[in-house]
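Can you keep this structure in mind? I'll have questions shortly.
In order of appearance the chains are A, B, C, D, E and F, and numbering begins at 1 in each one.
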């Protein structure tokens, strides 16, 4: 059930039986020679939509732009300042809490968002703690689809070390499955990209990683793999979501 | 051509022949008894995607949440504070300008965004004016699909006064065409909703407009109408976009 | 009755019989060869003061600086960033609401302020909507004196197309009437300035509009006309104000 | 010469012979039983205008609202948050610096503004220091008219200890002289108000100072005194201004 | 009693008998040829710790970085923007108020902080005034150790005019006493530094004050003097603190 | 070498041979029945000071307050909003970069700071990436002393599972060693505290962790252990610091 496809009466009815919602969050940034710019948003979005249909969980709109300043030396990459994303997440969470949602689960596709999403959680909860408001009802969780156990195991079995850490074969596979029009047949040179740290500015990043990949060989990707990553991702996310809403 | 579906090399190639981009912007808010919450994002998105494919214009990711504080008394409506949306648009425009885009065209589906988008334009341009930076290359434009001539004429011919101003038959039709799963058959009572001003807080809005509609009878909507609004919208937007990029 | 001229006890007494207030808002920016920099503030201020005296309405201090980044290439023009003006209006409105004012009516003289004032309204109301606070009592309205029916008709009858859209004969006339010391006898060359869009940075604006005028011939202005625009403006504004406070 | 009354060509000509400007800044807040709410703005404004005419110095628009949170328990008092006023002053100063003004002199009428104006100076200068920009040309100064030597001596001679520290006889006299319509004949009870600290919230302030005065007996005020305070104030301010622009 | 050395149960017990706390605040900035960068933090810190031990007052963590933009042309100087320090103080005060502290006493070692600390007080109190919250319990005070009567008299007797206003012999003495490792034997040239205003950017400051001192001869400093300044400072601060907590 | 103890000439000399600096960052928050509130600042501070002396690395002032909103239900805990801490770190890093420091190494003692410190890094680097500034010289790193290999191994060998995750025996030991006055002999009940997640508001945190500990038995702590943790921590940090400054 997608929030954007529901009427407000349907949301009202949903809130009578559930208080949780899943929000996909990604990035619009280069993903090497054969990965689409939207990879980090397409992946959690397709997992969230599939999970939402299978298990009747409401899925909110996808936050398609994230914190990707280090990718700005590649044309088309977009970034929000962390302080901007904190404000976006604060407003979104406050809107949901206003309606009575108590469990907001962010399904994330971009490592660069992790710090800022967690900072946003502390910003929102801190406002409530300072006001002595009993916010116990509001629970916030971040789940990175790419770090789920099943997905990790599948990537290990398919690609081993060639999975890498950015523009990986696993995420490109899943993006291709989610949006077949994005499939590209591109030879990689070198086959595996250099590895290193992404904690730097855009200029340095491009010097370190000339075609945008980090340690990966995404020429191993395939839409068929993507279908398997979707299954793994849905199971990983569903397990995490259930533990979340059934938790505290 | 969708930015999220392109590789960075494709964006690089695009920038050698063009400097303009279209960014759909909408809202996630109640649209009465039969309109989906995502109506205001679905409409400009489908117009932009169709236009992009037909005319080879790059289309960026959709901003799905807008300024909709007056809808918060209806479950599921989300809002950004205007100051938050200004920050989002600033970062997005600065990212694009960084890559050499000179014409950023926002295709908007939500009246409540108009003031804030224009304020964001002044915020971005003002930074450049104060820095004595020759920003003449950066042009910003807002186009509201629902105010296009062809779309207005079509709505007038199909619905006359029953079009109204929120949860209108035209936008519901277009949303249904864009996302057929959102079609709902709901009787309206009264047939036409009361009219009035939306410049108020959420509590007052709901008192004025009990089921969320403003002056409209969206039971007149149909997916077939939606296909016609799509054509009208694409022509209206293309005309505006060409005038924009060929202008100053 | 001007707030700045009243004692607090007089404001206290006013609040026992009325809950509305008028706030003039303008700009300090170039107005072509014969218009004073303060035109956009002088015009709504004189209308507000006259209206206030005639009808016993409280008039607050004038916000003399607005959003005028596009005028910065002309010496003396001042601008606030939109985000700054939002903060100013938020604090001002919150101060007034604190005292029990329920109807805050901004009488505006500058087109460049419109977006930001409306964004500020959404910022203020949105805070209340998110807090589930019943803010129905707080009503906010923007009225642009230059768009009033009577004023428009008078300008049309006096100047026709030569009225233009910035440094117009009507606003220069009214400023001269309000502050006779500002009257200047300057020949215009060309008689009518070029027309075009002001949505651009300061550098581009000056290139488009070399002496600052947009489509106007303010050599047609006169203080006598100004007296007539004052009458028209007071009637237009009074009509709008009454509809506002007697409305919702 | 008032900026609001000048054309941009006149400002351009002024900048060829001078680089300084005076900006009056005040507050809109209760001033006891017989002082107008606008006292703190009217006083520096009338001094600045007189000084400007006599000595050919440009005078910008008055900032009529200041930091006056402690007066909010008296109807009609307005406040800006300090962070808002910092933003206003930053934008104003940056606009002026953009035009080549190098000496910006704030003529202040409200003690509650002092800290924030000085913080704003550090904010503006700090941006330049961090950017390694040679900002030596930009000089900022705050002058409190009520602390000028001549004015202090006059108040001492006229009122002695009954001058007090808020709603003083000197400022009420000057406001009455500047705006004769504000003259009120009100008996004070007690003759001299209690003294104390204003560093507190609005509730506490009103408890400490029931009619708004702090240590003063403004029933001693007169418009004739005001004329003398104007002369003293103009001399004090002119001396300070000359030292400022002829200094570093 | 230092907050950082206490357990939460000890703070809980403290709050049963007292509601005041002392917060040292300083700066990290050049202090001329023989003064340590941390002088402005070391001085109030050692006074606060000594006072706290003698009189059983709780002392919070030291804010070691202040507003010191004018010192940035000397290596190692750090600054916060005033708006940043306002946010830090706001969060700190709100945290303390949350626990029931009613009297927060800032013991300051840096003149450049004064404006911003007072602006922060108005920011915090203003939020409460606008919310109509009875904040009377929350009292905020700034005390500058270097302006205490006893300390001033001691400096006058020891150094006369050679005390100066930055990198003074008194503060260097106290810093040396607090942290003996910072003692440096450096000849001054000239003996007394030039005097002047520090209200300028970093570039100008260094031009005016080539070795960082302002009007001082800190070669007169000694750790023995420092011990005497500590005694004077503790007495001055204790007197001020007692008046504060026993006041309103 | 501590920045606060150095003169500016000494910093200038340091910058001729090195471009790196270590900044301790911690928190002021409850650490259970026997740990001091300042544990998270005392630990990295003592490691940094020791490392600095041994290896001639400059150590900046300690940021003693961090993001600790979840601890606010325990008296004395202080928090910064994440957005505030981002601003503090941004200003600090910009000040250091201004002087030519290229490697800023944050030695952190508080898990709750991790997200915000990383968000601050992206904020600072993003500004440079957007400005197309070659910021490659500016490298930022976060190192959590409590996650160093040697320290982890020591804790495992001393405490096994009783180490826990907050108010741990290892950090309490190190704090006691750093500040012997903080040693407390307190019996724990239960011996090991309950484990769980800290991602919640203050009210929920206290419900989950009644005496503030998370999964730990800090009655196992001792100052002697602390001396060993100091050695382990210095080696861990020094290894990380060298890799950092010798890296890119």
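The definition used in the following text is that a contact is a pair of C-beta atoms (placed from the backbone, for glycine too) under 8 Å apart; a residue touches a chain by one contact, two chains touch by 3 or more.
Just so we're on the same page, UniProt names per chain: A, B, C, D, E, F = Creatininase family protein.
Values in this document were obtained by computation on a predicted structure and should not be read as measured data.
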| item | value |
| --- | --- |
| Third chains touching both chain D (Creatininase family protein) and chain B (Creatininase family protein) | C, F |
| Given chain D (Creatininase family protein) and chain F (Creatininase family protein), the chains that contact each of them | B, E |
| Farthest-lying chain, centroid of Cα atoms versus that of chain D (Creatininase family protein) | A |
| Separation of mean Cα positions, chain F (Creatininase family protein) and chain A (Creatininase family protein) [Å, integer] | 29 |
| Centre-of-Cα separation between chain D (Creatininase family protein) and chain C (Creatininase family protein), whole angstrom | 25 |
| Distance from chain D (Creatininase family protein) to chain A (Creatininase family protein) - Cα centre to Cα centre, in angstrom | 53 |
| Chain centre separation (chain C (Creatininase family protein), chain E (Creatininase family protein); CA means) in Å | 46 |
| Per-residue multi-chain contacts in chain F (Creatininase family protein), two or more chains | 72, 79, 81, 83, 95, 98, 129-130, 132 |
| Chain contact topology (line, ring, star, complete or other) | other |
| Touching pairs - complete list by chain label | A-B, A-C, A-E, A-F, B-C, B-D, B-F, C-D, C-E, D-E, D-F, E-F |
| Residue ranges of chain E (Creatininase family protein) touching chain A (Creatininase family protein) (in the complex, touch as defined) | 94-95, 98 |
| Contact set on chain A (Creatininase family protein) toward chain B (Creatininase family protein) in their complex | 2-9, 11-12, 15, 28, 30-38, 41-42, 60-62, 64-65, 72, 74-81, 83-84, 87-88, 90-92, 95-96, 98-100, 179, 181-182, 184, 186, 212 |
| Residue numbers on chain B (Creatininase family protein) that touch chain D (Creatininase family protein), as the complex places them | 129-130, 132 |
| Chain E (Creatininase family protein) contact footprint on chain D (Creatininase family protein) (complex, rising order) | 67, 69-70, 72-73, 79, 81-83, 86, 112, 114-123, 125-130, 132-136, 138-141, 197, 199-204, 207-208, 248 |
